[in-house]
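Right after this note come the structures.
You will see two complexes here that share chain A, one where it goes with chain B and one where it goes with chain C.
Showing the complex of A and B:
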């Protein structure tokens, strides 16, 4: 490894000296059966063989061979071993960042169980350690690290937005006691948001606030840390991912909330619920759950009353990869839709085998690859068109944005909604007079 | 960087169609970007939103909160989403010539 820069040595360490044998097994096991090709939206949409997932594994494997095997070190051409030189790095950037949504469909279809998505993340981690994260993605991570939320919303703007939404809520439910509580300690639920909600799309905040009101939940938002996203999960810079996760962990702990409820956000759910205990090497003393599970729980336990006749248009469901294929949350959103809409139709395929929206893995933020993102989005558009649905529901704000774009580009003419918005539309509230308030008591 | 062509005019844009140089923006450019998105004619309401976003960006270096857009223009949220089908960020901010905001937009 003589002659390699310190950055390259650090990147190679991630590949050749992992903490356990998992990586070594996965990187060296591909049998080139080719079954993964048809599972990848990039390959299907473009027919470009460079995008076959097995070749992404190969790229990593040939670098591994070069620096970790005797043949690779001394007779590199014999095993097609590759140097970690500039050309290799450029190819890594294009394949690991530029043509993968981390959707995990290739992993699901791999004939021998190679965790291809995990290998792509290792590839991204190597690039992150060498400073090759695409600028647009890094800029979103930096905003979160520097300001506490990935859209750099000043606290004053955040609080005034919530105060505005609180007024709207009071008008809507006709109860001056209805509220959006801020920074309350000892509550059941610390709720989180995707910053795009307060910045541009607050209907989902209003929807959740109305649902919490109907469920008589003890809840709060924190003005200090409310961002459910963790874009460092996409850039695969572990150190930065830990910092972001630690903030939400600390805030939930400081406020002594019993549950940290993650807003409708696929990667945010994955990063905090399933990755953060590993990031932080800690057992969490509070429960972490997604708002999808909470909504199902409210309906199942009768905490809220819903009337499905209030949502009579045909509805279909888009499954966010991180929540469904990676997180295993498959039935809850269907349970909710079956109780809040009259006509729910599935896409083909759906559930664990669903197609990505095309904007996952950080693609939505990476303008560098915007054309490819829209190209693979056409597959999703056709899937939606075939359902004949008027409304597409998805429990992920990242998917919502991609769906808005393909709706416009491919002229689908559908409405895009979050699950909370559908539930809020179906809510049956108690009569206002029944709700006790401090003034009425006095 | 990519090039976006509308009505015989060409603009340097990023991969998401946001102007590469926000300072080449003027009302004609706004009309052309809107047309590209399927907004055949910019109404008074469109202009009220776009001009406020532009002014906020020139003064504070960022897009305004949706709350301010509603309060300054007097428009309801759902009306804004109808006026700009791509939403306030990829729709209105792009027409206003801003760089692409960070995050899930």
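Showing the complex of A and C:
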């Protein structure tokens, strides 16, 4: 390793000094059968051999071999072992950041069982340690680190949006006591948001507030830390991922909330439910669950009443990869849709096998790869078209964003909704026992 | 014991020591410690990882490529049978005639599967892009080993060539991709652990 810069040496440490046997197990297992190709949206959409997932494994594995194995050190040509030079780094950026949504389909279908997504994340972590995270993705991480949310929404703007939404909620449910509580300690639920909600999709906040109202839930939002996302999970900069995760952990702990409910955000829920305890090396004392699980729980336990006749259009479901394939939430959203819509049809394939929409892995923020993202979105467009659905539901705001773009680009003419919006539309509210609100009095 | 028996025994010992060192490293590094709250049954997911998840119905890599999958399966069966026979043949134990002819038939098919896989690797562009000399050498050594086993079962005079071929394979084994014979089990364990911890496996119907 003589002659390598300090940055490269730091990156190589991630490969050559593993903390456990996971890395060496996966990096030594690929047999180059190439049968993973058809499981990757990038390969299927473009037919470009560079995008075969095994090549991503190979890229990492050949660097590993060069610096960690006898064969790679003394007979590098035998295994195509390669140096961590500038050309290799550029290829890593293009393959690990530019052509992978971390959707995990290739892993699930690998003939051997190589966790390809994990290896891509190791590759991204190496790039992050050398400062090669695409600037667009890094700026999203920086916004979160500097302002507390990835869209850099000032607190005043956030609170004024919530205040307006609270008025709307009171009018809609005709109850002046209805509220969107802020920074309340000792509640049952601390609810989080994807910053896209206050910025672009405030109706999804209204929908969830209405559901909490109907369920008579003890809940709150925090104005200090409400951002469920953690884009450092995508950039794979561990230090930054820890900082972002720690904020939500601290806020939940400070408010003494019993449950931290993660908004409809695939990667956000994965990053906090599954990765954050490992980032922080802590067992969480509070429950962490997704809003999808909470909605199913409310319906199952009769805490909210729903009438499926209120949603009569044909509805299909897009399964977010991080929530489903990487998070195990498969049945809950189907349970909810079967209770809140009259005509729910599945895509083919769906569930664990569902195709990624193209917006995952930080792709939505990496505009330099936008063309590729929309190219693979065509596969999702076809899947949606074949269902004949009028509405596509997805419990993930990144997916919502990508699906809206797919809808426009491929002229699908469908509505895109979150699960909470569907549930809110189907809610049957008790008659309000109310005194008229100040606005009504006026 | 002849010279070729000593050669094969030495090669086997070197191969074993090398693979043991890999195994010891795997065990010493251990499994990752997961701090998140477990949602599923890790034990049954690991079992599923080795059994149910390996079924062709569960993997696109199998059901979209049935001829390749079948060839790969036969090739691996032929390899395991050849390795088992190596120990018998080393001690000059010949299987019963009816078994021998069954094995010869199997090895003919599995060896041809190996040739088929090699042809595919050399002719399909995406596989050529993926392949290193190690991929070709590994395939050739294993395929030749299977054919040598077949020939030895028919003609005992072929023993020197058989043990020479087996020794080459054993010496090469720890150097390249053939190590997956060991790492495969570790990878599937980790995959089962990952999916089991999160309640994704064993797969349910959605």
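Note that the second predicted complex is superposed on the first by the 433 of 442 C-alpha atoms of A that agree within 3 Å, B and C clash if a C-alpha of one lies under 4 Å from a C-alpha of the other, contacts with A are read in each partner's own complex, and residues count from 1 in each chain.
Everything below uses one rule, namely that contacts are C-beta pairs under 8 Å (C-beta built on N, C-alpha and C of every residue); 3 or more make two chains touch, one makes a residue touch a chain.
Everything quoted here is computed from the prediction, not taken from an experiment.
Enquirer: Mind working out whether A:198 is in touch with chain B, chain C, both or neither, as first, second, both or neither?
Expert: After superposing on A, A:198 lies in contact with chain B but is clear of chain C.
Enquirer: Spot which of chain B and chain C makes contact with more residues of chain A, would you?
Expert: With both complexes superposed on chain A, more residues of chain A are touched by C.
Enquirer: For A:77, using the defined touch cut-off, is the partner it touches chain B, chain C, both, or neither? Pick first, second, both or neither.
Expert: In the superposition, A:77 contacts chain C only.
Enquirer: Should A:68 be classified as contacting the first partner (chain B), the second (chain C), both, or neither?
Expert: neither
Enquirer: Looking at the overlay, does A:343 come into contact with chain B only (first), chain C only (second), both, or neither?
Expert: neither
Enquirer: With both complexes superposed on chain A, which partner does A:52 reach: first (chain B), second (chain C), both or neither?
Expert: second
Enquirer: Touching A:33, do we find chain B (first), chain C (second), both, or neither?
Expert: second
Enquirer: Do chain B and chain C touch any of the same residues on chain A, and if so, which?
Expert: Overlap of chain B and chain C footprints on chain A: empty.
Enquirer: Inside the complex, what are the residues of chain B that reach chain A?
Expert: Residues of chain B touching chain A: 2, 14-18, 37-38, 62-63, 65-67, 71, 77-78, 85-90, 100-105.
Enquirer: For the complex, give me every residue of chain A touching chain B.
Expert: Chain A residues touching chain B: 136, 139-140, 143, 150-153, 157, 160-161, 164, 194-196, 198-203, 229, 265, 364-371, 397-398, 401, 404-405, 407-408.
Enquirer: Show me the residue ranges of chain A that touch chain C in the complex, using the header's touch definition.
Expert: Where chain A meets chain C, its residues are 18-22, 24-26, 28-39, 49-50, 52, 54-55, 58, 62, 70-71, 75, 77-80, 107-115, 118, 273-278, 280-284, 287-288, 325-328, 330-331, 334, 350-353.
Enquirer: Could you please specify the touching residues of chain C with respect to chain A in the complex?
Expert: The contact residues of chain C facing chain A are 22, 25-27, 29-37, 39-40, 49, 53, 59-62, 64-65, 68-69, 72, 121, 124-127, 129-135, 137, 175-177, 179-180, 183-184, 186-191, 194-195, 198-200, 203-204, 206.
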